[in-house]
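All chains are identified by letter, namely A, B, C and D, in their written order; residue positions are counted from 1 within each chain.
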């Protein structure tokens, strides 16, 4: 649901993964639908790999799922056994065709396709070690890194090889692997990246978010546990707890921004969580005003919660153009200065002469907030009170792909008042960390909120 | 903001038109941006015609603006004088490349490009008469019909010819004409189709909706009057009141469904109107329930108004997939039966065990409502109370493009209780006509609500 | 077989037309194959119109047949009754999408699709008259002009209307018309444009060249006569001699350059004609030399005839790149000056130190000849003797589309020796008019060679 | 110049490679032009890699050069240092996007791009060994294999690593490597694959065929020697003779079929060689007949040589459709049976009632010959005498990519008379091996003609 253009400032980016083991089903079609549902997690590239029991077929490309798969093409009449799919988010400098996933490789045990969501913090170090050992790299993905490590693992069962390899990895990950006859999902030992297990009829499915299950008509079974590996083949599903079950640390930004409102994370519905964040924010940071509005789309729920709690009307003060997608004709600087509003437009009649509370989910660099506040004032708002549904972001994320540096994090080295002045808002207030955790229904121990707290989960347990 | 796939049942479809007279400006770029803003009015085709003072250059094609204009192409370095743009909505049976607009013709006075929003009710009759007089037709558009009529008008000023031609036309229209050195906009004598006038710096612009002005950085001047012709050239802007100013009759569905929330129609903001419709609906048709939800996207405002008025929480009970666009892989019947939810997904955690009020803007055929109610019950809703922000649609629209027949209009020959049973809702209630008109701020005299009332505006005044 | 890029200087351009009346056959597929065969007559656009008995379906676009029809698309499962196809050649200034053919119009008798090869010399005058009568034009094609004239012809049989309209036309043409249930072919009264009749099983086919018959597996029946109209419907085939049979005047350039070598014109095979032109040229204009080479592809046959007659070896002194098509990256001027040879390359080893006879089919502007002679000298040729398989072009063609003006025709105002010096050849000689006509097997009375003689066929007989 | 569709039976397929070291030149443009010239060696994929001194930029894709590079795109404004290009021929089962070349990898010394023409006979064995050592493969190309081997070579100079790796390779190859600041070309120790060195101004270029030099305006310097490595960088060009200079063994099919007529191989012009093959064939295998014709395009030269030697006219008895390219609508079986002639058409008027000698360059499986002979008889030929410009193919090629098996080689287990009966020709005769070698100007020692002789060059010298 994120608009990547408008919200380029956001903390980090996610990807979406999906897997299904279902002999003779319409695997390509189902995987496509799942990727439609996960599309909000990444719009840069999309891909599907399908095993027919003997060999793995791959189709991938740059763009939206509907652009890469205008038709099922060569998959149309493929009798498949299992499939995985991937959508990738845009990250500066790595948007190359070769980085599209799934990655398909041939190694001593046969074929292996890999799809990944997350970020390995020791990737660079592992790559260097592998290069010194004579490895070549054709992409900059963590998936290729992991494929190399697995291939170098000797001749045991693939499950053992993967388990061995995981012990080298530091960071967040949800991997789905596909071999000719097996589907394997693993989740990092702290459970930073989300991964859920479901059933479509008699068959097992895996997905980054539960909304993919609804879309394909599958039922949610349970989340994959932190450090768990699930192996699905013709025999059914087995589970190995690769790492000792440790304190869970799901990335808190999944609740705040990444996930789709109809997904459930750890059993909590995302929309309801966001609404509670808004309510709590209203309790902690009330303000006298005329209307409440939210930044579309991720802050709508929090804004309506804030409005309900405080007893103000919730209005659509900002309208987003849903048709400004990945590709459109960019304005020249001259046009930009003349105030064109391609992606978001304040509604003058609504904000004119009003004291406006605007709810956003977070502030990272501060540039977007500055632009929104300015738009509202230009449209005639008398006061603009910015309320943020999370605490200041003070630490870079090491587990996500696209981390602004410490220097870029406005919350890391400015006081709230300094930020307010920079942004130009009448007032600015954040939700407290305690308030955030309680509203979500977490204690500090059951999520990774390092970006807000600077307290990073300890690896391995 | 309409999802054409999900809401195929809707009453009628609109198109979007834009015009600008601005020597030496970046006309193609600006027109493109305006079409992005008007994209919600039509996603079937897009086109731009630009005069360089000597000749008119045309580029058009099927698809979204961003698909037809991935770049400015041959327009990139064109020094233009004036331009018009058009987005066309999908209508069964007419989705042919040749129907894309603007239409460009050569006639005895030179070149003429035409863009049209509306529907001529006597088009068939006029075409037949022209055919008998030896005319050939290459499209099924009203634009071609009008171009023929103008060309047959003898040798006077183009303005006079157009004025003559308008007297033959019955129905709704907003035409923008472009010649080598002139831009002309006209609006039907009852003002059923919207058309507004704005200024971009020193230059005049015309658009179906005011949101296009905001997007290109122009200021709203005023609506074009019913029956008015505005002529814009190097001398400036002139206005001719072709028809006597009569009772205005803007299509009421522009308020209810067509227009973008940030547009203003007759000085009324669309979002605020929709919110008031929701509030009034709550006053007229309250219900004891747990939550209120709206059908995305057009009924969100009405739903939040209803919720605020009645004091229930407004929740996102249905989530729309923003990435299911014009093209995607269609499900097979088998998949469809298995409950895939590509375009809209009920949020189980939100509706489960709840008494849900669902707000929709209108019921036309009833098929969509039936599907939504069923989705909510399957997701666990205890009760589903359907509340409609407008009265029953009882008469076909003769002024719009895509009119369901009388037989298809469920409201035309079923009582409310019969409809409720068909749809399967726990309860069903409509907003009254009086309530609708008052909420919008209209009396029956100042809008065309023939679809609700069966009272069609009288032509000519 | 012409390379449009290299031979842009050529006298005029042709188009290709095809028609078939064959209920229940795979009409789109067959028409596509016929257009593949006629592709050498035009590479700018391609199109197919198919009647299913009730209505006419159209698909057309810019580019090669294989680009416009990568698949049969919507035609795949169409049960057709009759079809027409068209390929259009590139003419400066008219290469617009709207000029692609067939043209499909609706008029008082129903639907009519038109495909045209040729050039009407009084088109401008007729268009002006129609515009003054209130017609609008959406293309610059002769097809649209003729459709207008037919539509204005009152209510008689279509055949009579067409016959009436033909009496207004001056110039060359082969038209194929398609209505819902009829296929009509007409050829201009002098037979300047070629049109042949064939049978595919029990069904009739029409085509600009007989090679299209071979390609689709049809048998040649006979040429359509000058001034003849053939009407094909469910009843079979009828013929009307619209104009009295007059002296035939097939464009002589069809033999020399336009037609494919495996086509037969007036019963004469094109390859054999070209070979005889070469032999006759050797008899008239022998030269002492080492090798004979031809300009690919149209002059290969003449060159081998010349070589055989004179007893010299025929060598490939110039090689053409078959992969430089309509679209490729154009060289900058700097590159061009450095002697890149994208489209044609002299073979150094073959021409080095040799006295080379180079055969070309004609000289129009002289620019191509100059470039070729220079290439051969740079590659080391000792002498370059240019021999032309036709007389000097001294008069513009009024019956073709793309006529260089009198000023541009180098043969119109330069002596042979002056041309030789401009071109830089060691010697230059043309075939005589008498020699050309005899080699082709014509007398002056049975072809239009106005471009060589200045004697234009008299209209109407 | 091969038509891949018609001549699918051919012995093996080639690829084309190009390299240039030229700081600040228009590298992408020049490489594109070179690939146009080499396009006849492969139409499946095309790619270009350019180093800007710091990093290597890659663009590649499926299709013709003009399809992959409709524009220079991101290369347009790239200041390059060196570039390599590749065109790949279609081989069943390997036509996957990931196999497009150049291959770009990152290894411990930085970036490396690889382009390859040839076939490694021990590729499978080397891959298996690498896989056992933990390597992963993302393609099925020899380029990736070699990149792996180089990466595992420790930390010395790249030249030494490559030289080391070459000692493991068995088969034919011309590799061009590109690093950030170096261009390296190597040719297999027997010189089976062609590779030539040229100069463009002050800068060095490498190409599979000399026609690429002509096209870009470069001058031929010399062939790269068998077993030679040339290293080109800012210092100039150095050469290392990696293998002792051994008997040269250029693939004889380069002369017979692969190379473009204007290319020179070992100083011999390909067109002239083919013509001599035809002359010699006439001396060895004369026949009483009326006309001589050749299979387009590769056998035209041999056919004209045969005709001249024997004193018969050379005629175009078969016409090829130049517009039937990689993609076109395939005929159904029904259509095929009805005798459609999409790719090649016999010219009835020429062959009717004639005794025809048809020259082909080789017979591999015999299926094409059978079809051609049948076409000629159906077109009315009285006799069809098939003459082959090379000896029977009796042994599979182990150095080419696409080797029919021994079983598929009709010449391997049938007598000439048996083949004649299968093919249906009036008579059939091959050129002798001695005749072939003498006509080419080789002795058996200076070419690989193992496919004709079964005598494979001995590796390593």
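Quick notes on this one:
We take it that contacts are C-beta pairs under 8 Å (C-beta built on N, C-alpha and C of every residue); 3 or more make two chains touch, one makes a residue touch a chain.
Remember, it's a predicted structure, so these values are computed and weren't measured experimentally.
Common neighbours of subunit A and subunit B under the contact rule above are absent.
Centroids built from CA atoms put subunit D at 60 Å from subunit B. For the pair subunit B and subunit C, the distance between C-alpha centroids works out to 48 Å. Annotation for subunit D: no residues touch two or more other chains.
Touching pairs of chains, sorted by label, consist of A-B, A-D, B-C, C-D. Residue ranges of subunit A in contact with subunit B, taken from their complex: 1, 26, 29-30, 32-33, 36-37, 39-40, 43, 64-66, 69-72, 201, 211, 214-217, 260-262, 264, 268-269, 271-272, 275, 297, 300-301, 304, 307-308, 313-316, 319, 321-325, 327-329, 331-332, 334-335, 338-342, 345-350. By the touch rule above, subunit A contacts subunit D in their complex via residues 58, 98, 103-108, 112, 131-132, 134-138, 144, 147-148, 151-153.
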